[in-house]
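One structure, as structure tokens, below. Some questions next.
Letters A, B, C, D, E, F, G and H mark the chains in the order given here, with residues in each chain numbered from 1 onward.
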């Protein structure tokens, strides 16, 4: 039973979704992925949220990115929103971040599927020490890569 | 049976909604008004849209203003979206305007309840000559007021 | 007699205009298309609006996109404005959306010719059940495509 | 016969218009002032521009500030546009500045009626040495006021 | 032992912090609150994060709001960032949202302390059914309030 | 003796400057062109402005585009500012438009060298009927091109 | 002989300038203050910069804030620019920050006179250990105030 | 012992860092360069700042560019921040410029590594006449290049 469900608003968000899923796999967090549009398939979004036993949802969308908020309206599980870049950029960021009081969405940065995965893993890791260990290892690798980059470049 | 249904995302949008309704009344267009939040009461929004026989919907919301798009996802009737001003302004405008392909929303300007009413009346007027006459009279009055203002000020 | 008249502010808006017209054709809504600039040919715009019997106007323009508002100043028919992207993007969006009180324009998203066509068709469909059927079929296809995309990708 | 015609899009722009006129008076440039809305009274704008013998036009407007561009579409005289501040500010600035190729507008800053008057006077001064002298005196006074302010404050 | 630690970057963020804490109390989630500035007291932030056993951190800051990211750099627990409004608004939103890859922050909207509390509670509720019940009751109350508002206003 | 002096802040603005000069040539307005940077060569700018007998100055600059304002500080002749696009766009627009009270600059749109030339010609044409005729012919050609484009495309 | 010269573009910037001077006094750095406008008194700015023996300049200005860049064009001493808030805010920030290559300005935040003073003191402190001690004491006080605020509020 | 330490937040900032270092070399200012991320390697940043005897720090970062502020939190030496461009641009500019009161950062323009180097050299030059001479020569070359460009182009 997947712990994280990833919803993408459109086929064009596939790369961001796949990166998120791949990183969750690497961290030992089971996840599944679906395409479902808040505007084109509202009942499908409702069903895919309500019927899921996931502990965390990741919703990826561009433009007037309603998907994360709509997912959040159907669940009290944490919902992570990933704004997707387009001609403006500010539109999707503000649509995901500026949620009204009462229904929170956890916004990550523009196109930041990997940060959505890491945040989901951090949430799962509160109750799962093995994921916490994966996260610590991931951070250690990142830090070592910074040092290696420094030595290579400077 | 009201021709126009006005949905407000929150009690704080009441003034804009009431102005829109008052102008529709003045133009001879029957309208009703409800509070329904896309995020706090998603099923209520769905029910209030699907059960309505209105020809036009007006949806008023601020911040990450998902309401107009969510209303549009449940109907093929024209949906007019009114972004409401707050600390930023750009957030609600972009959330209402930047709809993805396939589900249109007709955005009017920030806090422009009266323009939403006029646009709704213009749509109704295509099939109702008496509303068209009201609109022509309204425009004539506006133009005369510009001339009166000019004489008073200049 | 065309039900929808599409005005493009410049030759460079042709692709967006043609997409809108093609979709209106597909939905069974008769439309014609003209190039007319609010700034370079103001009398032409006035004539093309006042002499038309169209029920809906679509006006497509970039930069300081005055065309939709100027079209709206000459008619009480609904006017749909399509802002066209350029170096900034925000300029055309705000020029189309932020109309003053009294003269409404129905703004759709940046470069969203197809949404302008769908919104025009929704307005026509109020009085024409065959267009309503086309719209319902169009939505059904879109929703099925989302499911097919989901199955292909996930 | 006034050399400068000031057009205000709405009564609410009166203070900016009056400041501009007062400064033109002070500089010895004859000016008149009218209210005329590009959207509410398009024919009036056309008539007030075409029938005028003014050498320079000043057009003052907020929101989707089409007035300066519309005035410019009816004349080859220089047109100065004054964007008026509102809830956003960027909307009127971009609407006035971002004119398409072929029809120029000379934009001054947000609410800068006095700079519109000075620019108009600079244009008139090319052919009128007495206005040039007024402008030089005005600049001298400004510079002296900077020094006086410096002495008072520092 | 508090489950949530709230860090405020400055005394001026106190109201947002207190609202967040009050809501966590109401939802049955134990929380504590400290003032600690990423820029003025960097070691204090590090110590207050590393020495805490909290499951979730909430970091509240304005301007170049580095606090949430700095907190996140010291822990693999989920960090919720609350941008605080000031003269611009966009500065704190973008500083909180646009985190680089590898170190996620969960951004909520401008001044949205209550949504930070709700998101923290949603995370705690994954492992604590009594908090989940509190959240469901909170949502039910909100939805009922929408209906009551609708009846009162419409 | 050239009537218009074009100043470019940097070599990279050459294309915009050359377009402006070519259009002035075509309209029968004598112009010269120089590179002079407000920041790198302040005395050169001062000298090139004060020693010139031009009736109109055009100043072209990007980023923090101080050149138009600095030119204006040395003359009471009309100064037209052309903001040049770069990574942001808004920076040069706002730097050119938002002049303080007392020293006007006539801003045209981003990269709009041709509009700067037309505005300069409009100013010259007040006292030179042959330039006025060139401008009328230019406008007529533009309008005819719109009609030709319409016939070709529609 | 003052080590720091503070230039304010206008009388309305006086409060920010006085705060900067008061803090420099407190830190033991000798400073003087003048009003001088890049646009209204260009020669005065040039003279006040070239004749000064200050080691650091602070330039405070709003709108199209050319003053810091103009000061920098006349000296190879470090120039600190303080953008002043107005109707937009972004205008002065971008005018101060986005300097072209070759002439640097050190921008601090909107209305941040105290940070300009601290930065100037940091520069002076490189060669003056007593100023360095003042800065260390200032930082210590700030940090202690954060702790005191925390104890008072939490 | 290097006078300037350049910190880059990520490998992708290498080109900007190398340009800054090359220009410092050319100006006769000794500098070293390291990669260190405020978010991925916070302790490394702290150590690299506290252990350095540099007189000036340059910190280069994109997105939510916390690095300059974090460096500044650990030192009373002047810190120059270089915002790096990405999908938005405004995010890194505002994160670097909008520092809270008490901890200054000297922001230069987007991707302006060379201006960071020049500003650092200006600071060093206060106490080192040979660097001052290099800077004067650099400015002279720039000014001559403007004149050469003018002769070539005009």
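Here, contacts are C-beta pairs under 8 Å (C-beta built on N, C-alpha and C of every residue); 3 or more make two chains touch, one makes a residue touch a chain.
Everything numeric in this text was worked out from a predicted model, so none of it was measured.
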item: Touching chain D and also chain G, the following chains; value: F
item: Reference interface D-G: repeating pair among C-D, C-F or D-F with over half of contacts shared; value: C-F
item: Centre-of-Cα separation between chain E and chain D, whole angstrom; value: 49
item: Whole-Å gap between the CA centroids of chain A and chain G; value: 42
item: Where chain A and chain D are represented by their mean Cα positions, the distance between them in whole Å; value: 51
item: Residue list for chain A, restricted to those that touch at least two other chains; value: 10, 37, 40, 63-64, 88, 90, 94, 97-100, 102-103, 109-110, 139, 142
item: Pairwise chain contacts under the document criterion; value: A-B, A-C, A-E, A-H, B-C, B-D, B-E, C-D, C-F, D-F, D-G, E-G, E-H, F-G, F-H, G-H
item: Complex interface listing, chain H residues touching chain E; value: 9-10, 37-40, 42, 46, 62-64, 66, 69-70, 72-74, 88, 90-92, 94-100, 102-103
item: Residue numbers on chain C that touch chain B, as the complex places them; value: 55-56, 76-78, 80, 93-94, 97-110, 112, 114-116, 118-119, 122-123, 125-127, 132, 135-136, 138-139, 142
item: Chain A-touching residues of chain C, taken from the complex the two chains share; value: 85, 89-90, 109-111, 139, 142-143, 146-147, 149-150, 152-154
item: Partner chain A, residues of chain H touching it in the complex; value: 8, 10-11, 14, 17-18, 32-37, 40-41, 44, 63-64, 87-88
